[in-house]
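For reference, the structure I am asking about is given below.
Order of writing sets the chain letters: A, B and C. Residues in each chain are counted from 1.
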Amino acid sequence: MIKKSGIGIAALTLSLLAGVMPARADFWSDAGAKYKGVVLRGVTESTPPSNYIKDVLAPEFEKKTGIKVQIETTSWDQMYDKAIKDMEAKTGIYDMVYIEQDIIYAYLARNFLVDISKSLKDDPSLKAPEFDETHFTTFANYFKNASGDLFGIPMEAFIKVYLYRTDLFSDPKIKEAFKKETGKELAPAKTHQEYTQIADFFTKYGKDSGMELWGTTAQAHTGHPASWYEFFESIAPTYGLYNWGIDAKNNYAASVANGGQMNSDKAKAAMKYWLHLRDIAPPESAASTWTEVGTTFAAGRVAQGLVYGENAAWIASDAEKSKVVGKVGVALPPTEPDVLKEVEAGKGYLGYYDGGAFGLPVTSKNKQAALLFLQFIGEDSVQPDWAVAAPRITNTATYDDPKVVAMDKKLNGYYTMLKDQGKLFAGAPPFPFHAQVREATAPIFYKILLGEVGPDEGLDQMAAAAEAELKNLGYRK
Amino acid sequence: MRSNTVGWLMLAPTIAILGIFGIIPFIYVLYVSFHQWNPFGASPDMIYNGANNFRRLVFDAEFLTSIAFTMKFAFFAVISEVALGYLLAQLFMKEFPGRGFFRTIHTLPLIVAPIVVGSVWRLMTTPSIGIIPYLLKSWFGYDLNIGRDATAAFALTVIMDIWHWTPLVTLTLLAALLALPKEPFEQAQIDGANRRQIFWHVTLPMIRPAILATVFIRLMDALRTVDEVWMLTSGGPGAATRYVGLHIWKIVFPKTDYGYGAAISVIVLYLTLVMCWLLYVALVARRERKRTF
Amino acid sequence: MRSGNPLLYLALWFFLSLLTLFPIYWLFVVSVKPAVDLFTTPSVILDAIYWKNYVNVINNETLRGYMINSLIISTTNALLVTALAFLACYALSRFELAGKENIFFWTITNRMAPAAVFLLPFYLLFTQVFTFGDWKLYDTKIGMILLYCTFNLPFAIWTLRPTIDGIPKELDEAATVDGASTWQVIYEVIFPLARPGLAVTLILTWVFAWNEFLLAATLTSFNARTITTGLSEYVTTTGTEWGAMAAIAVITLIPALIIFAVVQRHIVAGLTFGAVKE
């Protein structure tokens, strides 16, 4: 007893001392001392969250530890190409690589990445006191292997949400007109049928009143994969079609004939629904990627639409970029009637939980120092300011930070939705062959968009093309 | 005759640099083209598969369409650029006030990076909100939608290419015109030839090598175009502007299909080579031989 | 050549310049508008100017570094390439070298390759072959300068050859008879006469090096990055920052214009040589 309390007192004194001296900071300077002079190099895409790492977190880390961090920001394709070349050729240029959620499975399959959980367990001296894997949101689960070990520190996370114009939806004149036309109250859609009805109404309303206003967005570029993504990540799941309709457990079947879903009735229904929306969306939709969808909404040209969360934030809050500041509402994407129940029961997902993490390539020559930096950017304490500068949340505690709560109000509850309903969304399917199957099927997909081939026939062809590519890659036997 | 050693010495640096950065990579790509190699395939290693890649591409409808569209693109773009560039070069041969100023203006498109050229043209042609569709609509009632109209998208890539690269043709042909000796022209004028005769019988034969060089360069570059078209149309609508440079880029970058990409590159290189060789033999080499020997 | 009616030419050039300048004007328009105004009903006339894109770009130290790298790489490369091509063309034109026409044709084949796949061997050469200890050719300016020769040298040789061939051989023979060495012939006879061709070659090789993107993006990462790779950073999966990109593009026109203005004078100077020759 006495001994124990003795220890207790000693611990108390220690912690008091710690309060006087910056003991916490000492971990960083002590740990960093061993790697003074090391220069860490990372490659990432030049998005706001990454730029924050480059401009704020890296210099801060250098001040604390004396380890210099250089972050190369570049375009998406280049970022991948350079990281893959580096790891493939074992050059060891990079100590950190950006891993988008859809490529993690490919990297894991190739053993490109260091197991972060295991490395910290093996060498406890590297473990930062404040860093804790369990502090991450569920999004971190997408960067774990089968046994639950973490391979990437989440650094950005978004969901694709249903945005609508609160000013239009509450305009008495419009509400009345909508009721007269449909016999229903105008409210954010819960089902596809409601969504289509509202979209039809607003497109007609815009036309009749000579306004530049349409009923929906459509990310329906006829040559850019953005349209492929909108269909397979955001539309198809709301029809209960998951994982692109490819069944990994069933010899990677894609066609219904072989046990897949890519050309199922669900897929065909989803396609027709979406094609109709595309037809009543603004004319630029046929040439719209995520960039144009965001700007179309921000310019006030549409009443509602599916918009990526990273854009939803500036659309709702940045007056230099958006004309609809303060007029944006957020809701869950509309679904088929029974799909939401299915999703809530954990049998599917509503839309895409997109984002990325920082990983440590096994070819890195400065693994220990890089582990320190990765923990640093994963700590709770750096998150709130980061979330304000670039709207992303990866740690659970961040939601409750006053700064973030204030911002959530401005965004009309986007963060609350991410927090409460984030679990209904899912990252990309756990396939190691994303871009490969996408590129193999996209040309047919564009033909469907152009009407060169019917949606039913087109989806049949896509399923066949996906299977052929999977066979060619050696996954499908 | 002077010693040829001096001549070889003058050529040596060129041969050395092109040898290292031209031949070695080519051998490597040729080697890869006989393999199945996708780092994200079930087996990430390079597997020798004989001529399978080449067999596959002969029946690859996407590749063949891409080649056909590229040829069409290169044909229209290069012909227009050379004709327009020649006219402009001739105009620059005249004395007029502000010539230097206008020449500088006319070379400006060259210094805009391709990715920016593509971006600006994309912003100018965004359906319904770009300035060009807007003006076409309000002036002529024509609805330009590059997301839906394949012909319009094709035409726009050609126009963009002409805008960007005609200045190059103008400059190279201008240099060739400036280097021409005066006597043949004076002689032709004394002989009473009219302007058309002078063009066909004096100017054209003399600047034929320069025109050929320019056509070669433009043709090759048009076959390799990626950035501008990627930014403007991303290859769409459908496959209408998925030119072979972009097609290869899509196979190599997102798809990481290195083996097949290498095979296509080798074939495209071979096709370009044959095309240029035929042009070269038809237009210059034969005539040169006649003249010198 | 006869000179035409100056007014007519002025009118014609004015019109042509409008066509040439419009996309560049639009680039400027994009650079001085806040993003919110880009996707509204367009207007050819600017009503207000928004400088923030420029302020951001000018204060960005990294971009300044990229710009300097670009200037060093493209200027050195253009000078190197033009000099080497000048020598090569002289050799091809004046010496009876065995198989020279084949060599001439071979040079151009180096420009034909579609770049995407060739990045792989370049990457391996730069990271694993040309290395000395810790030093790699990867991410160095010298590496880019040498690499850009693969597409610029063939171009330079092919544009210069007609010029050199066009200079009458009698001129060098006369100089040789007067006792000039080969180098003196090149420097004193050929060089002045080839000036317009050399100036054009210099300008255009500079342009190609200045605008090159794919090779620079793959083979540099921190120390030798060029401004075109900087531009591509504004095209992201979350959206494209048109305004900032346009502002950089407009700023990069300035050094290019200065270099053009300096070199272009030699294209004019070439005009007078007809008289010298008589």
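Here is the rule we use: contacts are C-beta pairs under 8 Å (C-beta built on N, C-alpha and C of every residue); 3 or more make two chains touch, one makes a residue touch a chain.
Quick caveat, the model's predicted, so the values are computed rather than measured.
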item: Touch-based graph of the chains, sorted into line, ring, star, complete or other; value: complete
item: Which of A-C and A-B has more C-beta pairs touching across its chains; value: A-B
item: Chain B and chain C, separation of their C-alpha mean positions in angstrom; value: 16
item: Computed distance of Cα centres, chain B from chain A, in Å; value: 39
item: Shared interface positions of chain A, touching two or more other chains; value: 81, 292, 299
item: Residues of chain C engaged with two or more neighbouring chains; value: 38-41, 119-120, 124, 232, 235, 240
item: Shared interface positions of chain B, touching two or more other chains; value: 126, 129, 251, 253
item: Residues on chain B engaged by chain A in the complex (per definition of touch); value: 38-44, 62, 126-129, 143, 145-148, 150, 233-242, 250-251, 253-257
item: Chain C to chain B touching residues, read off their complex; value: 1-4, 6, 9-10, 12-13, 16-17, 19-21, 23-24, 26-27, 30, 38-42, 44, 84-85, 87-88, 90-92, 94-97, 101, 103, 105-122, 124-125, 146-147, 149-150, 153-155, 157-159, 161-163, 165-168, 176, 182, 193-194, 196-197, 199-201, 203-204, 207, 210-211, 213-214, 227-228, 231-232, 235, 240, 242, 245-246, 249, 252-253, 256-257, 260-261, 264-265, 267-268, 270-271, 274, 277-278
item: For the chain B and chain C complex, residues of the former touching the latter; value: 1-2, 4, 6-8, 10-11, 13-15, 17-18, 21-22, 24-26, 28-29, 32, 88, 91, 93-100, 102-117, 119-121, 123-124, 126, 129-131, 134, 163, 167-168, 171-172, 174-176, 178-182, 206-207, 209-210, 213-214, 216-217, 220-221, 223-224, 226-227, 231, 244-245, 248-249, 251-253, 258, 261-262, 265, 268-269, 272-273, 276-277, 280, 285
item: Chain A residues within the chain C interface of the complex; value: 41, 43, 45-48, 70, 72-76, 78, 81-82, 85, 89, 91, 93, 212, 290-292, 294-296, 298-299, 301, 308, 310-311, 319-323
item: Parts of chain C lying in touch with chain A, wherever the complex brings them together; value: 34-36, 38-41, 52, 119-120, 123-124, 127-128, 138, 217-218, 221-222, 229, 232-240
